[in-house]
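Should a chain be cited, it is by its letter among A, B, C and D, assigned in written order, with residues numbered from 1 in that chain.
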């Protein structure tokens, strides 16, 4: 009787890569947990599924965790009052993989022989499975399925005498990406992996020292930006305010994640010593140079396409107009009526400004294309609204490779650029023309002359497939798959 | 020990007038409740505090109500399955005044002698108290404190024979603003008050007829826009699809609310036969003509200031840039740490794009100023971020008068324009210059030559103080206050 | 593969008639709501599904309602603090018929022209539908499906001048059973129907006057028992402590419900000036005389069979022993495993004391048999535990007729005694012998010589089918059914 | 203005020792989790605060835990459907000490190198702190504060090759009381400590093997009682139904807890090969012989005093009557009105049957006296109801010593018998006479000639102070307290 929409509806109209986490910590200030809640709130775009804060009052650590947003869990006086003390650290996460509910929500905590140990981690340890297997063999009992717990067990069983040595001993065994904030009864430590893949910055709030994934969190809590934590740097802060910097991994060339500039970080953050907004606007400028277009309107796909669209408009002289209106009351999936409401899913989020676009030639600007499903629907919405021509420009190179450093990526076979060439992609999204910024255009937009192919200045593996670290767990999984010995096993325990 | 922020923090940074409601109805279609949920979702900006849907399956009416957003209450299959049938109507509301919890959430329903009667109402009845006193005197028992229930009791006690006559009989006694959707076992009726103060449009979804507060709801459910319900028009729709239009109040000149163009409606809606986005952009153009400014950047106060800022930029040639980044993870009030986090409340929502504005002369564009508190903080944020000059342009005339037609307005003494002249307002918000669009500039922007002062084409009472209807309850309250006979009495019953 | 139990499992093992409500009120004391909560808690056995309390603080009425037990809703200081004042009344109810959620939970409240009016009602109005139809015809709008609301509308539309006259005017139109507690801004009124079918007692707590369905509630709150409210009596109590008794219905002979002695009231209550425990023990004594039995153990079906079993044991000389152990952790239905767990449902509540009954001849004593399903299972459990003979004695006559006075009774066709004679009943429950106390035995046990058949001293309609009032709604329903004009209509509005 | 009750109100009127746990397990049957839920429900009296079930489906273990009763957490089909498989074990617990919420709720689970390991434990390990300190020193990370987790870590780090050897290796290091049910991918193991302090029985349900703390759980699930698990016995059950019994601790004389007969077990259970009901009735008989009394009524303190009261009545010939009526709607603490409601707290649970006891000489029978507060109030209630004399007989010896084997006991200084002699106790509870059964009377009642003082047949440490095991943690705490070195430390981590 009715024609069901033949496409799998991506209800949210969200076809983005997602940063998995944000971290925040403060030592030496009053109301440390309240500041941490505010800081995490400013990092909410880095993870919306769960949040946790641990605080230390000089004697005890207390941890509070919850599913959902920071405001859902830490906006009441009661929730903050449970977390007294002058040191606190917190974490927002994008998803709780493994169905383990609150067990995987960070900060993770353990009572070690040397005292309490709490850790918040942004990133992904690419040899976690291998390390875990060894630890369990020796009698370690894991309480979560989080890769972060591997670090705690490595610290717990390290034979070095001091906490700093134990931590460095542990991190030397670890491979992958991490920005860590650690609390012990003696103070706070913050650390980035040797390549500095994930971001971490440092600030000052009165006498207190603050760490955060992005500088915007410093702004929101009223702290001053000091500097970024350098790739491979481990910074110790004591309760008396002493700050000590260590370089336990020597000084390899850094490879920060270039996608922070493209999409992950907020435009008002400073990443790798450059304004993210500036980078995005310049990608639009590069794009206008590399892929000009005979259009009457530059229309951003809101909100992430706006800065590049401003750049494209300024460079091309074509007026910038809101041809798509985005609703911010989105989140859950709705029941889809079967009749009439074609594309309602995506329209709930993105609706055409019909009287503007009708009869016009438009160029759409989006930050990236992942699976392509949303792009296709947005093109269709523009056509349904009467656009005469719909051109599509993308403010990043084609995303053809998965990320193993703490970003949720679909399998390569689901990435549009992983399975199609440019012509096929244009055909898939049904645009009149399609262009991506080049990899060199992207490097220019972030302020460099070009990509140094011998030794790239950023991690750009999602575009190039060049991974800057070993990927031990992945390699072993491929070996096993090749031998057809075992399917990837399910977790052996689940908390219902 | 610490200096508490001396300003009363408006945590949300929200200093807006708020439309109190949105309504949606459908008759003659499959899955009427699911379509209604989607339609209300598209009207969510008109009311976020409560939502209700009533459905009629040919025999029974079922109503489901909840606090919070549409998605919180109507996104599951179970919630929709409880509401079967081919006719449904729903309502979102901004606040549940009177603390009466779910009792005041619409649609309201009553079993009348003639059968079931459900009503969803956007607007405000300005003689509700007077009518209620008379009804109670005759033995009527009210279950809510909503003015809408007065209509139901007037219908229930009308001596006219048919439901249509009863409804018209009731509405003739009522004064004020209303856009109503009524359901009875015989069909649906939709109606706007004689002046058409509140909006209501009509559409077609397959064979079904759809009504909604704004055209964007038609877009999102996939319906076609037919026309607006005319001021003073009452439209009956039967289950067989017959549509009958009535004009029970004759044909007085219309006075739709001009603030729908300024702020209430979504930019992708069509109001009073004109694109709202177009109106807003043209206000910016008028503003650039009336109040030019020597600035380097046009910076919108997001999101509502964006269309006018685009107009201002296009007219003036000054580049449009995102100097303020808005977080969309806002909602609840956070615990305010006492130290350091000066302006954290407003920064949670609006943060400066520091590296952009530093050292620059900027002109901020906002849609309106109500109390002025947010404007003051935003100017301060820009200065803290290093802006060299901060000019402020407002895309509406000064808001100096309360609204009694279904909009939540502060008392006149709290309206910035109700207590200060332009120079004092500029001083209060500490801008380098301040200008508002003129009332004629506003009328030009919505496509008219100028305001017809003898018979204004819109209700603009919030700017001019010229109220197009009697305000009986208000007049009586003033009389009583003048006689010092009685304080405004508390409600005599509360549900805890 | 497995044999599903062929009987419909009555999971709770509860095969009882249920009193529908309990009421409690206090005027003139401190912390009126706290006392009311405690009093309702002592009446919890009269209704477990919902509870409400209204309090009056001299200006406002506040009502708080909830589903579940008193302790679930009124055990916190916050819940009580919302209900300030020196007058309060409350209600527990067995079920919320009509699926209307909290709308039907009492006390009901209305703002009348004369001021606030709150009412708590135990009983059932047997012409409620007829009265409601008339009221709706005149324009009344009902907010609940409760018969009690009819009283409020009759009061609201009465033409008498004083509240007392209005109330009496309303009650004269009403037929059936009621024990009412009414609150107005002038004080409290308590009233029993002319026949006094449902119970109501009066007590004194310091200077305060207290009313309750049973005397046990007076004990628990520490009040002194004054006397019962007489059948047909209306007692007014003012805030200054003045108590006025009225007899608005003349002085018809009383007919209190004899089942209060059999099962409804708690054994430590005084009903109709007699100890309920004493009555129950004497039923056991009469039963031992009328239906002796060659058994080795008297085994009560706990808890309600215990007093009669003590009487039976004392009269017969057969030892009283706990052959069945009852769990008090019962309530919800459990998932029934298909294998092995035969009779697990009833065993969850009643388990055999196997080592006691094995090889013994036992006589089971229960207070009543309604559907017979639990009795059958209990006999089986005793046999499974090895009892040599199982005799069954019932401490009430056969229950063959429905109740229309506020007791939840199955249809006559589901009452075991409504569809079988004694021999068939014995066969159904598979006992070695079965006997019920005679109706005259029951009257003797409650202290009378015998039943006065011309003018019975109690309402015993459930045993005899002799209803002491007209049953207008039932008669009309039968008429309609006979004419096959209309099915019993569903409610026209439901709140999901 | 009002006289506050001078006594600390024990709101619940509960002055009992509490068993801390009950366990249940099944292997080899369909719907293992549903049977486990039913079995735990029958053990609900052993722990009401939390419940958990783990199930194994041949591949994965799934655990579901919750606060509150079994019925609150496991009565829905959904909750059971999450726990598929033919092996399951569960646990009810009295309290979640340590405020750790669900972390301490059993079964506990760990992924060991040898595979999954789940354990449910009833009892208390009296050297847990000492063992935990050693384990943490070696790098173990504890996730709960439960003593049970010590067993898991000892198993995880055991150097023995097989799971059975590892478990025995672990248990040899452990001191105290335990009845354990363990699940691994290979099957189930059930085990009692060498002295068999805590109970555990074994049954058969079709082909499945069932373990439970009490035989009543076997009855309720429909299983056949096989035998008790012997003290010091470890029983392994494989999925093919093979049952192997081990005696890893040799054959020391058993010391089961005699308080299971006095109060903990349900009267319809069989403990140590004897009917609990029979034991309790015989305590009443012994008591009547040892401490006769010139009374007119034997009144049990319900419910636990009933069997002994029946014995006392049968032996003495004084009639058994319900002089106290117990409400089963108890649980939460209520707000105590300050006026009038003297003793309302205890009356909520225990109310006098005034018309029965007025003017009578009565003898009250209770199972035990712990703090004495409830006994005092009950005596007072009887006097307030007009009893002429109130004698008190206790069906256990004076409880003067704490329990360290899994029973929640107040400190010795709060035990009435720990701080007073008989005369003072009588004075405290204000009875006309007071007597306890003798220790030899108690041993006779459980079927023995007398207590063997050289080698007692039961653990009766709560009466005698003779503890059958070392109490290492307690001894060390005393040492530390003696040296005044350290206060008892707070836990270093809390989950808020």
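Keep this in mind: a residue touches a chain if its C-beta (ideal position, glycine included) is under 8 Å from a C-beta of that chain, and two chains touch if they have at least 3 such contacts.
Just so we're on the same page, UniProt names per chain: A, B, C, D = Amidophosphoribosyltransferase.
Bear in mind the structure is a predicted one, so any value in this text is a computation, not a measurement.
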Intersection of contact partners for chain B and chain C: none
Rounded Å distance, chain A centre to chain B centre (Cα mean): 36
Whole-Å gap between the CA centroids of chain A and chain C: 62
Computed distance of Cα centres, chain D from chain A, in Å: 51
Centre-of-Cα separation between chain D and chain B, whole angstrom: 62
Sites on chain D at which at least two other chains make contact: none
Full enumeration of touching chain pairs: A-B, A-D, B-C, C-D
List of chain C residues in touch with chain D within their complex: 2, 29-31, 34-35, 37-38, 41-42, 44-45, 48, 69-72, 74-77, 80, 205-206, 208, 216, 219-223, 266-268, 270, 275, 277-278, 303, 306-307, 310, 314, 319-322, 325, 327-344, 347-348, 351-356
Touch list for chain C against partner chain B, complex: 59-65, 79, 82-83, 109-113, 115-116, 136-143, 152-153, 156-157, 490-496
